[in-house]
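In the two complexes below, subunit A is the common chain; its partner is subunit B in one and subunit C in the other.
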Partner chain A sequence: MLWLGWLALIAFFVFCWQVMTQNTIWAFVSDAPSQAGDIGSRMFPPRWSYIPQLLEPLWDTMNIATLGTLLALFMAIPVAFLAARNTTPSVRFIRPIALLIIVSSRSINSLIWALLLVAIIGPGVLAGIVAIAFRSIGFIAKLLYEAIEEIDASQVEAVAATGATKAQIMDYAVVPQILPAFAGITVFRWDINIRESTVLGLVGAGGLGLRLQESLNVLAWPQVTVIFMLILITVLFSEWISAKVRHAII
Partner chain B sequence: MLRLTNLSKVYATGDRALTDVSFTVEPGQVVGLIGPSGAGKSTLIRCINRLVEPTSGQVHLGDMEITGMRRHGLRRARRRIGMIFQEYALVERLTVMENVLSGQLGYVGFWRSFFRKFPPEAVANAYRLLDRVGLSAHVDKRADALSGGQRQRVGIARALAQNPDLLLIDEPTASLDPKTSRQIMRLIVEICDERGLPAIINIHDVALAQQFVRRIIGLQSGHVVFDGSPDGLDAEVLTKIYGEEDWSATIRKTDDDVDEDLADEGEPAGVVQETEAARRERMAGLT
Partner chain C sequence: MTMSPDVPFRETWSRPPFIKRAWLRWTLYGGALLYLALAIGSIEVNWTRVWDGLDRGVRFIEGFLVPDFTSRWEDILVGMEESLTMTVTSTVVGVLISIPIGIGAARNIAPLPVYAVCRAIVALSRSFQEIIVAILFVAMFGFGPLAGFMTLSFATIGFLAKLLAEDIEDIDESQAEAIRATGAGWWQIVTYAIQPQVMPRLVGLSLYRLDINFRESSVIGIVGAGGIGATLNTAMDRYEYDSAAAILIIIILIVMAAEYLSGFVRKWVQ
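And now, the complex of A and B:
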């Protein structure tokens, strides 16, 4: 019985392998190493003189990520409070709507948001900002509402027992408890957004990706190398900042 | 004066937590509420300030009927009722001072409290209270940097910052070691005496209750089954409250009671000095 199971598994594997490689042209695969070596050799030496032209798109990329994250925060905070079981005004009606917003925002990749938005509001930085914001709402709101649901109810009870109003209970009992999570989530998302905004230009939404696409189109490999390195440095920088901020707050 | 009349609570799940509880607490009286877990002690004190909504019956504090109040009135009533909690229930990430001042929230508007601009008298009072509970050195520390006993002292100061007419105290010592428990109980009873404050203290530890309060109410499945002085707690009564058990180590011995003698010599009423021997004996009764 056991052997029969193994046999079935192997047969299934072989079948999958066939489906997978059906459309592969083996001639291309066989010379992959030499192709990679060829492109690699064309990428060096990097064209350092290209850097000045990259500074403005780099600035755009940072702006897309930062403004996109801020815009997302404005929308995600109310959504999170409406989605959390313990703060939502209505578990039956409003909570499902908030959850729907979160799911739809999360299920669409920012590159696809950008594709849609470039079609709607035209190419440029604004489309990138809105794309990043739309994708981040779901992420931030989901993590934040989970943090809100996990707060210690006894602290809320204690503040309520002093005769505080709803707004004061929020300010004294709820906000201090979710503040570290909130800061951590925000910085983490900003860090992700820096990475995502470097490629948004591929679909015309501004930033470094735009230059990357131009360089790829004209086969300017030495420029591509410079862009890759710049992206690497930017991501390292954002990770360093987010680590610092998280350390300072938590 | 606090008066409960036929107070009952049935939870949405159908559990009867309280059935027809009626008693009166005179001004300045400290009442110990004892009973097994699940007897309804926590529900009872939360029904008084309506953190739990009673199903039927009335609660009167002075001339206010708390049970009949709407939202605004309820907030005004709550600010006159200080509450102290088992796990302290301090806002861990706020400072000691902010925690104490949060007792004033019922008296100030939202924006003043948001910008932490409390009236100078309130701030001065908060300093006095922290001095009274022995925490003047820790004013600006964050609450989560304190030990259990210190946190409970902050909890006491927060309740007093409300200028309360009544204290509701839910298992104040359940998370503390025996020595700290006694210090905290002594502090609570002393403060109630100083201010003539009535209080209801939920307490697990019968020996501790006997040592510090002068009236005990025993709760069993939501019914009041005992109401009287701690001396009335004999094996029969304890069995009625908690069920069958060997109570000999718990019951206060009257023939060699050192505490009583000391209390007669002008100790602050209700606060009894423990001798080492008496303390050791009571520890044997701790379960």
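And now, the complex of A and C:
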């Protein structure tokens, strides 16, 4: 039975492979090593003098990620409370809507959000911020509502027993319990957002990606190398910060 | 039980501040505020363009309410076919390649030189996001789903090998030791002590990656690596928002279905 399953998987794989490659021009593929060598030779030496022109896009990239994360927080927190089984006002009506918001936001990659928003509000940093925010809502709200559902109910009960109002229960029993998780999630998402905002410019949403697109369009490979290196450093830096902060919190 | 007399009894209680040292607290708050002011100040927004664009936004929302599946159905079908096949093949190949690399990147069973090489591969694959890898592969292999397949396989390796290596490092050592005590060789330890312990997680992670690969396959088409992303990009370029909305709805539905299915299979495996 297990072998039959494996056989089916292999057959399915071969079928998919054939469908996928039916339009592939193999001459281009066999050509790939020499192409790679060609690009590689053009990428070096990197054009270091390009760096000063990259500082402003780098600042923009940071802002897209940070402001996008902040904007997402404002929208994700209410959604998370509406989606969590123990805090939602209505399990039957409001919870599914909140879950739908989460799923739609999570299914669409930030690059696609950016594609849409660039068409709607025009190219620039603002489209990038909103795209990052829209993509992050689902992520933050999902992890946050799972954290809310896992809180210790006895603390809520204890605070409720003192005669606290609904708002006071939230403030003194629910929020302190989820605060560490919340901070961790936020920093984690910020880290991912830095990573994603470096390429949002490919569709016109500002930041380093914009310079990348310009350089690719004119086949300026030495500049592309510099941009890649800068992206790599930025990503490693944000990962380092987020690891530090999460370590300090948890 | 006596209270020390110099501590006055407090009738009220207020929460301790988040950060104890006052100067640090205010410096951090001030710094954050300053950054926010600078960051928001440096955004240039062309408000007339935004105002003009709202009209398009309305059209897009209308497109979502009345999506147009029919007029671009052929293109959508081709894009979907490419995306789905690309997802399946790249996940299978990626998993197959990442198993040896994952084993090599586990410190408790791999010798140091192998460990270093495998960790380097993982770090390389993880540090570049899919879209950048896709740009390079499209330049090498030409436009089309093959470049997408290479990209996703490459990305799968970094993801899966890292998590697999961490799983192997976290296994219950006593089982490995028991097998080792029987005089088993390295290969036998891997098959009898490690494989049974990590297999359920590996299946779960592979399914999770299948899910991720599908999502990514809808994006890398923007830089020419085939799939539904290319169709979507074309629809946006032609200002056919109702077709674009239809594509997005299909993507959301498939992602939901994949998430539900993989959750189901994972529960069944574990």
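The definition used in the following text is that the second predicted complex is superposed on the first by the 233 of 250 C-alpha atoms of A that agree within 3 Å, B and C clash if a C-alpha of one lies under 4 Å from a C-alpha of the other, contacts with A are read in each partner's own complex, and residues count from 1 in each chain.
One rule holds for everything that comes next: a contact is a pair of C-beta atoms (placed from the backbone, for glycine too) under 8 Å apart; a residue touches a chain by one contact, two chains touch by 3 or more.
Since we're looking at a predicted model, the values are computed, not measured.
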Combined model on subunit A: subunit C and subunit B, fit or clash: clash
Contacts of A:Phe228 with subunit B and subunit C, given as first, second, both or neither: second
First, second, both or neither for A:Ala164, with subunit B first and subunit C second: first
Partner contacting more residues of subunit A (subunit B vs subunit C): C
Subunit B versus subunit C as contact partner of A:Val203, first or second or both or neither: second
Subunit B versus subunit C as contact partner of A:Val19, first or second or both or neither: second
Which superposed partner A:Gln53 touches (first subunit B, second subunit C, both, neither): neither
First, second, both or neither for A:Gln155, with subunit B first and subunit C second: first
Touched partner set for A:Ile108, first subunit B, second subunit C, both or neither: second
Residues of subunit C that touch subunit A when the two form their complex: 35, 39-40, 42-46, 49-50, 52-54, 56-57, 60, 81-82, 84-86, 88-89, 92, 127-129, 131-132, 135-136, 139-142, 144-146, 149, 215-216, 218-219, 222-223, 229, 232-233, 236, 239, 244, 248, 251-252, 255-256, 259
Of subunit B, residues touching subunit A in the complex: 49, 51, 75-81, 83, 85, 87, 89-94, 98, 102-107, 110, 113-114, 155, 158, 162, 168
Subunit A residues touching subunit C - in the complex, by the definition given at the top: 9, 12-13, 16-17, 19-21, 23-25, 28-29, 32, 35-36, 39, 59-60, 62-63, 66-67, 103-104, 106-109, 111-112, 115-116, 119-122, 124-126, 129, 195-196, 198-199, 202-203, 216, 228, 231-232, 235-236
In the complex, subunit A residues that touch subunit B: 152, 154-155, 157-165, 167-168, 171-173, 176-177, 179-180
